[in-house]
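Alright, structures below, take your time with them.
What follows is chain A paired twice: with chain B in the first complex and chain C in the second.
Right after this comes the complex of A and B.
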């Protein structure tokens, strides 16, 4: 029938338009990078990027009015709604577990490897709704979305370190100032219930494409793992969401011999069965080893500069990429040679629960002098004594190596301390920074349930400044030190009633005795020995 | 040689000997070891906090924006300009402060006895300088030594009848330590009267012919001095935040570092709901002793001031050992009460017990980890008992003198 044919044509065009629309407005790419490391471990990074072309973040000055309707097809709706609700320009959230060993594994591809949860955003200031209110709403919304206790990143953990955490994308030119809010929770544990909502943000979930390799049993068994969400805006591209998952797996531990071989089967216990249909590009990039004999299968689509690329959509499924090494694993001769320009070690000395000493040791492995921005965001539990800060370079005292110090002191029960400075380390030298700290005595209700475990202190962040720069750029590398555990003095938790009773009794006794003595009259009493018995 | 000259010569020699010994000890590194000791300094008086505040101030950071520095801005202005804050020169400062305090105590004694000098002067100075409760916090460079010195100076000026000097030093003292406001009333009475001992013959102030109209200008002068210092402090620190950090600390107890007093553990274990109420109770508790003691001892205001110093030493918010130490040292100027003290041995033994156990239990709890917070808390309770016992004994003795000597067949009691 003619009408039916027309209706079908119209319906078809309606169906076609959205798909045409998505390919113009949204783009989804996924990539898996795998690299064998020097000590036999395997670094894998999953990266899922969704670009909303032509879009821009919400202007916070429009927060009073209703938002324009947003239509997303591939872009995750749950996260997009949160971003619009709180007018967030740039957001970085990472949930990591384990300690990233810079000396063995080099720099990670995503720099945010501090243990626990780390959340930092750049938001525009507005009179409609202050940044702090939106920060609180954002934390709680993300806590609900990712099942992580991000709601406890309150003012006692929030700082504004603008020199160390520069925006990765661009900040829109609305004429209003943008501010950063950064908070970290080192004691946050990461597990499957954080991975599940992460996967729900992907268009293909974990059913097809590279995301189907994300097997929680193997991922959370890794030596180090971290998931992160990055939202940024680039002026010529639009809003970009990048979801990444990095792991350090250990094939040596799982292999029966000393074989460094890995494959999708051994690493993730999964293979790629189907391509994700909405992915514009879906690649696996393997860094080929340079010094040993190996065999890689299946054949890569292309090999460029030592990187083998596999195009998933054109590969035979089920796809199980594997790298086999000719011989057994041998620790290389230059096993301990540094892979980064800077090695950092941070220790809290002291066995007293009243005082301690924070000491940071930096070693410059470069041939040129190195300048770094040292950021310390210490909770108010640890009070710095800045006047005791001592710097020794190779054993010699040199306090001039520190410059451009900004210090925002901690306010007890309210605000952490923010200490930022630029350190200059000569080439090949070791710098020892030490500072006395005082440990606080907390109120009864401020102690956590397992008070004797201690408190986790967030990592210090070092941002490397290149030789020709005066201040760091957003592309500069960031190093995170491991977290510290501080043991604070605890009162006796079984005793609140007893303490109040004892003290009040003593005060009442003294008060009563003083007033007795002051108010009673003296009498002289005759003691007659004859009438003693009466 | 006249008696006075002989006394002055021996007094001077003894003085110098004590001070030289103290300074020699201060030159050793024992000072540095004692800086962090929680018996000798509190959050309001610690030397490390003072150094930190001065360092932040010199480097352009507002020391009152954070929580470590709780000293008065007057300390900031003095230590960044004329006084040294590091090294051996600062230890000389503390020795000089102790010397001044001892000299002021001797002068108070002389005013009370109405003689220019007496043979007990050396003993009085020794009771101040050699008292470990005074000399150890001074060695730890705790600023409570300055507060003691100012207290004694204001009492000395009041004993000599010099009103302006008294009120100026008291205003300065209140700026350094808010709880010292307790001493205002007996000092004013002392200015109206004189320091001569009248414990044996109590009379009301009216019958002694005191002119109360002189009180108003004294109070006005004190308020003016206090206001001037407040404005000076605000100007130095560039804002009003110093008020909540320094004076507010005594009232709201933000820092719960253990001290020798009764407040810290009480407010550590207190639930948040009740904190404001009990903070109010503890602060008002200090104030309610002023009126009764001043009314009862109105004929001997110096003794009333002495008792209120004892109250401060026992019940203050952030005490150190210097506060009860001042009380114990000042007993030296009231020898007329000695025969009537009922239990001096018990008080002394309680003090010995507490002063030996407090540092031990503090060390066991915080450094060694084999003890509990309760050990230290118990020892501070014993210390409070010992201070209370001393206070009660002094009150009893001060009142008992008026009844007269003990006679066969009669007993004196209170009903």
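Right after this comes the complex of A and C.
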């Protein structure tokens, strides 16, 4: 047993070395941004960022071998395991409900506001396991993690729009190409069961810190709400996971006196009781109103450029930040005037169940000409007739406004259509784009259970190109149009039963008649007149 | 929806974690824009108990709730990409509680208003589970119209089943008490919540849930107590119980065997040596009382061989008699 302690010491040192090698620094920050909007609503954005310093995404060429052990302290293990398992470099998942009104509310702080579920990733190509297989595994793993039906984002909804969805972080230089996979499910509902796993990914869950304000009963009462998960890699920082929740709440609806006042109590029905102990920084940033008299309480820690900052760790608990306005709310005369440089409207015309017309109306509100990348990922239910594409600028036909067209046509029952082009809109002009479309006739097993409702079509995405650039940068703005609902021809679902009944009756009649004709013998019966008289 | 959510809440309250529960909800009622109380589903008209809560995990929702997915969950035959939270990872020491509710009829239950699962499908799925040793005991509860027909076709051992209504009876929503001068042949059928506008919960499930509200993890109440509490006049239908496939007597089967996640702890005197101490620690990890295993199977196999030999003798005898008859008929003139 003398050698026993020596062996143990050696074993211990062997185990210590790997852990020293992988002792990465992790940092968790949380922030809440609140802004009162022009039409009386309040925009709040919760942002929880965890940085794994010095880490890098998994190289997909190493997928066949065992991965190094992942030891996390504040980084969410459930999500980290999924990222390593499928060698994901960048991931963006958003679950939104409602329609984001760009004219009234301006640009959102997180650009992914398309209704429903949207998932897009950048993954490196590898011969070990193809990107499509890993995309499938990733969808299902995220569906299980977030209790969403992301498993149905199959190849009938997946596209690769590399020009519109540029990576937000950096792509590692492994010498292998990275590809994007994007899919959206506009009919996805967002509810408490999506928020529960979202909160479980945070180090303090919903017990302390800013996350304790996330009350599902008030969040899902909002006019618009969306949660998103962003995973990216920056070369000098490491792997970053950012969990955000944005809402547009309506204090006017809840107050009886037409007051625009808000506080944590009225917005979320909660207050912050404790600081999250593992958060390096935990703050609330309120955009102060510029044109009306107001009072904010408690006193902010600092006010810089019209932004009041509160440091949660140094504030008196329970913390209930509130903004009170001096007078009643008055709708400004221009409350509907656009706050963005581009307004978009997309409509599906046509009352026929076989043909329709997709029309997009863009208005450029800024003083310079505008160039946008227009992305349309249409499921195969709607087939484009590209030769009927017409562009009118301020009423005059001008097909040259469209350039750099990329079109991947739809394959029925297999692949959606991807249409990308660059549109140039002169300053202050309105562009009308219209295209004839054909609506498909589905096989009767492809209809959903509520077939008469129709199919939701994913939003079109417009990526603004900065002036003096030829193509979008990853900092460019993205606009989403609302989703469309298309009514396809539905069969009479009771027909199989009717056909069977009808056919069986017909066969019974035919068989009966033929059988009788063949087997029945008709005999003339002679009645003797003598016998009858007796 | 309140039916399934009420059961979910009861089962969670009695100790079963989300990782051991598979919840399938076909409709999104709580966050539907038409719900006046967003992210809330109430258990009764007075809105006393809120069932959706803050901490719910729905594994299958919307269009994913199909007969195919349900049977795949039971039998375990799934695509390898299906995540763990959507799988029923049970073994032969697991007690499973299966609760189904919806619109149904004689030996069928409707899914999504579009397809049906029949009593035979469920019986075969349970048999597959038995063959693959995926359960120790199953408690099957069903609340639909004519629910008792759904468990009439089960044939695997160790299944206890209960349903809300007899064949030919409908299972109604909670009724308010009938005033004395009300005409008895035309009673009101549903209790509506006038603010929400729809019926909120069914009578049978409401009865079960209100019974369960009095139970906590330490309760020793048995299944026979639960079944004895059935009152057809309050439930407006005749619930039934099927016990012929269940080996243990109901008076010894605790409700928490199926509804609760109760750890069995044996307190033993302090051990004399370190080896014994380890053994006791392992025993503490078990979660459900272990019924005794069935006896060795040798007498059964003897029976089996005897019957098969008898069958073979019969078959050959018949063949020889037939051959003799044909030969006799052939040689006659």
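Miscellaneous remarks
Everything below uses one rule, namely that the second predicted complex is superposed on the first by the 472 of 534 C-alpha atoms of A that agree within 3 Å, B and C clash if a C-alpha of one lies under 4 Å from a C-alpha of the other, contacts with A are read in each partner's own complex, and residues count from 1 in each chain.
Just so it is clear, a residue touches a chain if its C-beta (ideal position, glycine included) is under 8 Å from a C-beta of that chain, and two chains touch if they have at least 3 such contacts.
Because the structure is a prediction, the values reported are computed rather than measured.
By the touch criterion defined above, A:152 reaches chain C but does not reach chain B.
In the superposition on chain A, A:422 contacts neither chain B nor chain C.
Among chain B and chain C, the chain that touches a larger number of residues in chain A is B. In the overlay built on the shared chain, the residue A:95 is in contact with neither chain B nor chain C.
By the touch criterion defined above, A:380 reaches chain B but does not reach chain C.
Of the two partner chains placed around the shared chain by superposition, chain C is the only one that A:217 touches, whereas chain B remains out of contact. In the superposed pair of complexes, A:523 makes contact with chain B only, with no contact to chain C. Looking at the shared chain after the overlay, A:433 reaches neither chain B nor chain C. Taken in their complex, chain C has these residues touching chain A: 28, 30-32, 38-40, 52-59, 61-64, 79, 81-86, 112-115. Residue ranges of chain A in contact with chain C, taken from their complex: 97, 136-137, 140-141, 143-145, 147, 149, 151-152, 188-193, 196-197, 206, 215-217, 219-221, 448-450. Of all the residues in chain A, the ones that touch chain B in their complex are 351-355, 380, 383, 385-388, 405, 407-413, 417, 436, 438, 440-445, 489-492, 495-496, 499-500, 502-503, 506-507, 509-511, 513-529. Chain B meets chain A in the complex at residues 36, 38, 48, 51-52, 54-56, 59, 61, 63, 65-68, 254-258, 262, 264-272, 285, 289, 292-293, 296, 314-315, 365-367, 369, 372-374, 377, 381, 384-385, 388, 391-392, 395-396, 399-400, 402-403, 409-415.
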